[in-house]
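Have a look at this one before I ask anything.
Chain naming follows the written order as A, B, C and D, and within any one chain the residues start at number 1.
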Amino acid sequence: MIVKNNNLQEVLNRLKGIYEKQMPFNRLLDICIDSMTPTDIKVRIDMREELIGNFVRQILHGGVISSVLDLTGGLIATVELLKQLENIRFDEIEKRLARIGTIDLRVDYLRAGKGDFFTASGSVLRKGNKVAVIRTELCNHRNLLIAAGTGTYLVG
Amino acid sequence: MIVKNNNLQEVLNRLKGIYEKQMPFNRLLDICIDSMTPTDIKVRIDMREELIGNFVRQILHGGVISSVLDLTGGLIATVELLKQLENIRFDEIEKRLARIGTIDLRVDYLRAGKGDFFTASGSVLRKGNKVAVIRTELCNHRNLLIAAGTGTYLVG
Amino acid sequence: MIVKNNNLQEVLNRLKGIYEKQMPFNRLLDICIDSMTPTDIKVRIDMREELIGNFVRQILHGGVISSVLDLTGGLIATVELLKQLENIRFDEIEKRLARIGTIDLRVDYLRAGKGDFFTASGSVLRKGNKVAVIRTELCNHRNLLIAAGTGTYLVG
Amino acid sequence: MIVKNNNLQEVLNRLKGIYEKQMPFNRLLDICIDSMTPTDIKVRIDMREELIGNFVRQILHGGVISSVLDLTGGLIATVELLKQLENIRFDEIEKRLARIGTIDLRVDYLRAGKGDFFTASGSVLRKGNKVAVIRTELCNHRNLLIAAGTGTYLVG
């Protein structure tokens, strides 16, 4: 399979499956990629008892928030990279994607993580052939901002 | 129960139990507090399949690393706070501790998270009556530095 | 002088003078507060030879960028605090403001700092009675994003 | 000139001169590189009126602290890179060094910047052929820790 403009979406669909089904920790958290298109990435996690970090306040653990924001930023960096790669076979892409990694991530925990479900999205601050910087945000089901992230990703 | 120098360790033992057994997400990850004394905090997590973040490279998910460093920094901030609180009843302490929270956390992912188990420790950069800043590190079973964190915690 | 809704702007005008004229380092850099109203903060710095950090590439020094973003975030945190303080005398405000300080600041250097002048603005991520978190951005004269910041400020 | 083990120090001496004398902003701040050897980097700045950021408290401006830590981290990343480059001509090195840049920097402001002079040093967290991560610290003349930094630098 070769990535062209007309089948970038096909590659993204395959990646969505890989990230949701073949990454054991994403499966443990039951993270869901609600949208994965060249222009829109949305990641979602439903509240459940195992994800609570503070038994007194019944709120999402900071590590869950960080996991979701890290994945969201990584997906956005990946999509940016794929947009730059054309006519490349899927096995080549897989090799390239395996090299993508988070260099550093700052998370600001802004409000207690109360909610029925949470969705994360983000935007590109820097796109380069070596390093990408992505800003992300996590909101609860009432669209209240719970946390914000800034991550630097190795892409080259 | 009142916290005094001679029973601070007793309070720490109770907190260790709470953080390991009553925090659902810590239980899900099976995080273990190996040492919790006024001068030494060590948190440990054993590698297992569910914690893998990259199916190609078989390495720890960044979200697991972040969860462990966040907890480690929070425990160190908590112990620093407890050292300052004397002659305080345990129910008062619980109220105070429930207010402790991570304001922000930066994690630097330095090496691929390969290992049989991982241990985290840290040191105090700033101790105040409102805000504490803690530096943390995660090493694998061969004592190779995998990740480093800097977290700001609300303590007052 | 007492801060009321109708004279908040007057207080901001005084603060603008203090930050521009009485802070020696802001004067050394020749930082200018272009706008200081309850809803709009803009900080500006003009390029000149002394501010260059890389003699080969003739670009703004990272420390200049960081200084401007730190000031911008601090001003935004200050204005948020002032909005919450009513019927307070200016000498009380000065005491309160003297306690405001940057706890931590992350700056992402996104593009080489080339430009005739640079303007910084920002938005509030978290407003509390103890801690505020502010996101900031620095653009050049062609509105190209040069750097982004996230800062945590002690306000209480 | 070719870098070999026996003349790495010579290259470092030349770089010291460039960073102190040919970087206009470092000259404006009057930053001094006290030590620049393969194993020890120390940067120093003397307190003076122009560097004050808070006229009430007479303390160093956060932007000065950030500038010094950024330079310190950059020098440490540079020395690490030079250790890996052997038999390379100085004009090649200059080209390579011109590409070194700060990707992101977190600074924690731990104590009010009071002191007669301040010295910064640091250590390598990650050394790679693309990206280096450096931790830095700034102490005052009584060796009190004033600020800590973590910076990610592009080196390849």
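Just so we're on the same page, contacts are C-beta pairs under 8 Å (C-beta built on N, C-alpha and C of every residue); 3 or more make two chains touch, one makes a residue touch a chain.
Everything quoted here is computed from the prediction, not taken from an experiment.
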item	value
Interchain contact steps from chain A to chain C (minimum; 1 if touching)	1
Interface sides of chain B and chain C: same vs different residues, half threshold	same
Chain A-chain B separation of Cα centroids, rounded to whole Å	25
For chain A paired with chain D, centre-to-centre distance based on mean C-alpha positions, whole Å	34
Per-residue multi-chain contacts in chain D, two or more chains	103-104, 106, 108, 133, 150, 152
For the chain A and chain D complex, residues of the former touching the latter	103-104, 106, 130-131, 133, 150, 152, 154, 156
Complex contact set, residues of chain A against chain C	106, 108, 110-111, 125-126, 133, 135, 145, 148, 150, 152
List of chain B residues in touch with chain A within their complex	18, 22-29, 49-57, 61-64, 66-68, 70-71, 94, 98, 101-109, 112
